[in-house]
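Down below are the structures I want you to see.
Common to both upcoming complexes is subunit A, partnered first by subunit B, then by subunit C.
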Partner chain A sequence: MSRIPGAGLAKGLAVTLKTMTKRSVTQGYPEVLPELPPRSRGVIALFEENCTVCMLCARECPDWCIYIDSHKEVVPAKEPGARDRTRNVLDRFAIDFALCMYCGICVEVCPFDALFWSPEFEYATDDIQALTHEKDTLREWMWTVPAPPPLDERAEEPKELAMARRNAAKLAKELEQEQPQGREPNGPASPGGDA
Partner chain B sequence: MTEATVGVGIGADQLDTTDMVLNIGPQHPSTHGVLRLRLVLDGERIITAEPIIGYMHRGAEKLFEVRDYRQILVLANRHDWLSAFANELGVVLAVERMLGMEVPERAVWARTLLAELNRVLSHLMFLGSYPLELGAITPIFHAFRDREEIQAVMEEISGGRMHFMFNRVGGLKEDLPAGWLGRARAAVAGVRGRVPVLRDLVHGNEIFRARTKGVGVLSRETVHAYGVSGPIARASGVDFDLRRDEPYLAYGELTDVLRVVTREEGDCLARFSCLIDQVEVSLDLADACLDRLETLPPGPINLRLPKVLKAPEGHTYAWTENPLGVNGYYLVSRGEKTPWRLKLRSASFNNVQVLSELLPGTLVADMVAILGSMFFVVGDIDK
Partner chain C sequence: MTVVEVLVRLALVLAAFLVFPLVIGQTEHKVMGHMQARVGPIYAGAFHGWAQLVADGVKFAQKEDVVPAGADRRVFRLAPAIALIPYMVVLIAIPVGSGDLVGRSIDAGVFFVLAVMGVGVLGSLMGGWASANKFSLLGSLRTAAQLMAYELPMLLAGASVAMAAGTLSLTGILGQWEWWWLPWQAVGGVVFFTAGLAELQRPPFDMPVADSEIIFGAYTEYTGLRFALFLLAEYAGILVLCALTTVLFLGGWHGPWSDDLGWLWTLLKTGVLAFVVIWLRVSYPRLREDQLQKLAWTGLIPLALAQLVLTGVVRVAIA
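For the complex of A and B:
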């Protein structure tokens, strides 16, 4: 490659010298915490209030690391003559993070928005049993869940937004039809607004 | 094995040296994982070499048969843990083909982009670890610094650092975050600017060249005989790249950017320089994808799937050009929500078998240089 013996070595040393003058890019982790993106799959948090014990997450989990126990409770009828209702009550919701593969299928299949990803990652222990986290710990992690990042400008609108917009338009139309029959002009919602 | 007894007044026939069996691994630093090599040595020279595999066998193919197509992705992305995105890709391509599914254009381009970024990640790992195995410590820090930059954009989009789990049948899991294209472009530019560092540091280094040039020459015939693929095959002059020869994703439209890197020598140095050049090609491809993504009309990035996804009865073979070589999935479905059989053809399995041809006749000291230049991931061998 080169005529002068050792020219390649010198070139390499020049790189090292140049790098020496630059600031280091490493972070001193325990002192400096990493800035993780909102989508980071650190830990799964449970928004317990939203859980209806439908068991979809436990069933869809590829390695069955979600444990759910529940019982049924009878809610007495509110009006006389109506039937009593039963309702599922969550007794136990635990995720074994020693088994979890962090695929996020449970978060994705949850139809009631009870599971969320949090970038929190500092829960390593030296005891494998301690990696099974119960619902109270999972609920605590809920406070660390960040808002989802805004999407690219060319992205399709999230279906929640599209639905809200459709509903608003529908309401506005109804309002318009009702107006001739003596309704106040300033209706309940700004129709067609940024839902 | 003959047993020699050395005593007083030994005859000439007793002076023969005996062959020694040397086990490399399963826990050897140069095998990054649990590959075991059983070498028979005559002094310093290797007579026979046998790669003994299976220490990391996880029965992935059998596990695929009891998982639905979304769950398969979780398992499929981790046999070669350095190219998770490319692994997922083969599965979704196979299922989409079976279903006759048309993937949205934005998803196709985003997949191509992510596949190329994943290739850069994987290549940089080997560009850093190979010199490390030969005793050069510095390059791996440079390689990891570059990796980290791409890793950050991959993490931002997918939420994972290794097992991205970002492909879905019919597209991608989520759309790109706002401003991500710009950050990806900056990362690509940053890494491109520092590729010359690796060249100066490693490729031109006399010691490195002395240890790799002319060492472990792999002939074209052996490549064909063993089904070796990827950069290793191309370093032996086999001009075969699925991205060009059987275009999938958007590669068909990238023919002017895609340059298939080949070398004629077939030695360790050729394999290494193939890898460096491929990084540059991948960065060019990534830039082309970014250009395209910025001009595509707004649209969805995935398709709505039925609750229970069933591939129709039939079979298909989807192969992709993974960073380490040809990765294929043979999917046989009987119309259930799980595949009846999903055969996995992984690149490293074939690439490592060739060691039994390559190592005999070389010295033990060259063994590490040859082994490291085969660029394998043990999980990809054992599946």
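For the complex of A and C:
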């Protein structure tokens, strides 16, 4: 390949010498934390308040590493003659990270936005049992989940916000209509508070 | 020379023997690291991991000294010492500075040094044979074959310098040395250095300890301190080879202000050569066994012979 004999040998020496003069790529990890991309798949966090125990995540999980226990609670009827309702209460939500293959299907499949990727990754232990994390730990990890990326500048408003605004407008209108007939209002209407 | 003076000289040689191989080893750790875009050891001793080899030594000392059941116990235990001590003996004869700055000036210096250096390989042979392990035996036989192949060009290159100076004494050679010997003996120097590398089994000539095929050659069965001694022998070997190349081919203590700073010149040249040894290790892949032999017999020996001829012709021409 090389025309001058020994050119390849010289090139090898040059490469190593050049590398020596450059900064090394080593990261001083325990002292210096790595700069992870914001959407890193470190661990799966659970936003417990959003979970309805629909079991979709547990069923879709290819590794069967999500354990969910729940019971039903009766919600008494609000009006006389109406039927009592039932509601699912989450008792246990655990992910076995020794089994999890970090595919993220559970995060994708959750219809109620209860599962999120968190970039937190420092949960290695020397006990395989300790890798099964219960819902309180999963809920704690929720605080490490970064905020969702901002929408595009001219994108449509998120549905939740649009709904809240519409409700607030309606309430304000109702209050306005009540004002001339009834007493004076106690204070300015607070729009969007309970939407 | 009084007894005290002899003792002082021996103590100095021993100190150099104990310190410089470790310095070379630490340099290797760091240089290799940076050449591979790593940082090398950084924790031991806090400042750039300077105490890494001390920590290694402590670790080796703590380890169990295992002798395999089928081994020839006495030979097995003796081998590391045989591998290590010759290099210390060689160090005595190497002149560091002008005048009397040498452990012991020996008349047949080149002869003595090359002969004793060859003994070091016996340690690997003994260890490999006594281990009662196939890999060890293979490794030690490869060592022996390598010694056979590379001792010859090394001797021829050394003889060329001796011929040029008209003396076998290392101090005598340095006394005769002129700057134009550098280009004159350049080929011999390259041959000498390369053959020395091969004799030390340093990469790219580390076929006898090729870990990917024969584990660690002759040293496979060694543990703890004895293993550490073999490793130390390798670094002592680098020191001796570099110092010897410096003395024979690079003019030793010759250089500007060599009357006062001659020893510094020797150290500097030796250090640069040791860096080259490390550099070669990082840059080149291991030669196959047949390539090793081919390089020696068809490459280095003809070159060394050509150098001898050149030396002879020039010598006759200027006489």
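As a convention for this text, the second predicted complex is superposed on the first by the 140 of 195 C-alpha atoms of A that agree within 3 Å, B and C clash if a C-alpha of one lies under 4 Å from a C-alpha of the other, contacts with A are read in each partner's own complex, and residues count from 1 in each chain.
To be clear about the criterion, contacts are C-beta pairs under 8 Å (C-beta built on N, C-alpha and C of every residue); 3 or more make two chains touch, one makes a residue touch a chain.
Bear in mind that the values here come from a model prediction, so they are computed numbers and not experimental data.
Enquirer: In the superposed model, which partner reaches more residues of subunit A, subunit B or subunit C?
Expert: B
Enquirer: Per the contact definition in the header, classify A:R83: touching subunit B only (first), subunit C only (second), both, or neither.
Expert: neither
Enquirer: In the superposed arrangement, does A:V15 touch subunit B (first), subunit C (second), both or neither?
Expert: Touch status of A:V15: both partners.
Enquirer: Quick check for you: in the superposed arrangement, does A:K72 touch first (subunit B), second (subunit C), both or neither?
Expert: Neither partner.
Enquirer: Where does A:V25 make contact in the superposed view: on subunit B (first), on subunit C (second), on both, or on neither?
Expert: both
Enquirer: Is A:D152 in contact with subunit B, with subunit C, with both, or with neither (first, second, both, neither)?
Expert: first
Enquirer: Across the two complexes, what residues of subunit A are contacted by subunit B and by subunit C?
Expert: The answer is residues 9, 12, 15-16, 19, 25 of subunit A.
Enquirer: Would you mind writing out the residues of subunit C in touch with subunit A in their complex?
Expert: 31, 33-39, 42, 279-280, 282-284
Enquirer: If we count contacts the way the header does, which residues on subunit A are in touch with subunit B in the complex?
Expert: Within the complex, subunit A contacts subunit B at residues 1-2, 5-9, 11-12, 14-16, 19, 25, 36-37, 39-41, 60, 62, 101-105, 108, 117, 149-156.
Enquirer: Mind pulling up the subunit B residues that touch subunit A in the complex?
Expert: 67, 70-71, 73-75, 106, 138, 142, 145, 148, 152, 155-160, 163, 165, 173-181, 197, 200-202, 204-207, 209, 293, 296-301
Enquirer: What part of subunit A is in contact with subunit C in the complex they form?
Expert: Subunit A residues touching subunit C: 9, 12-13, 15-17, 19-20, 22, 24-26, 28.
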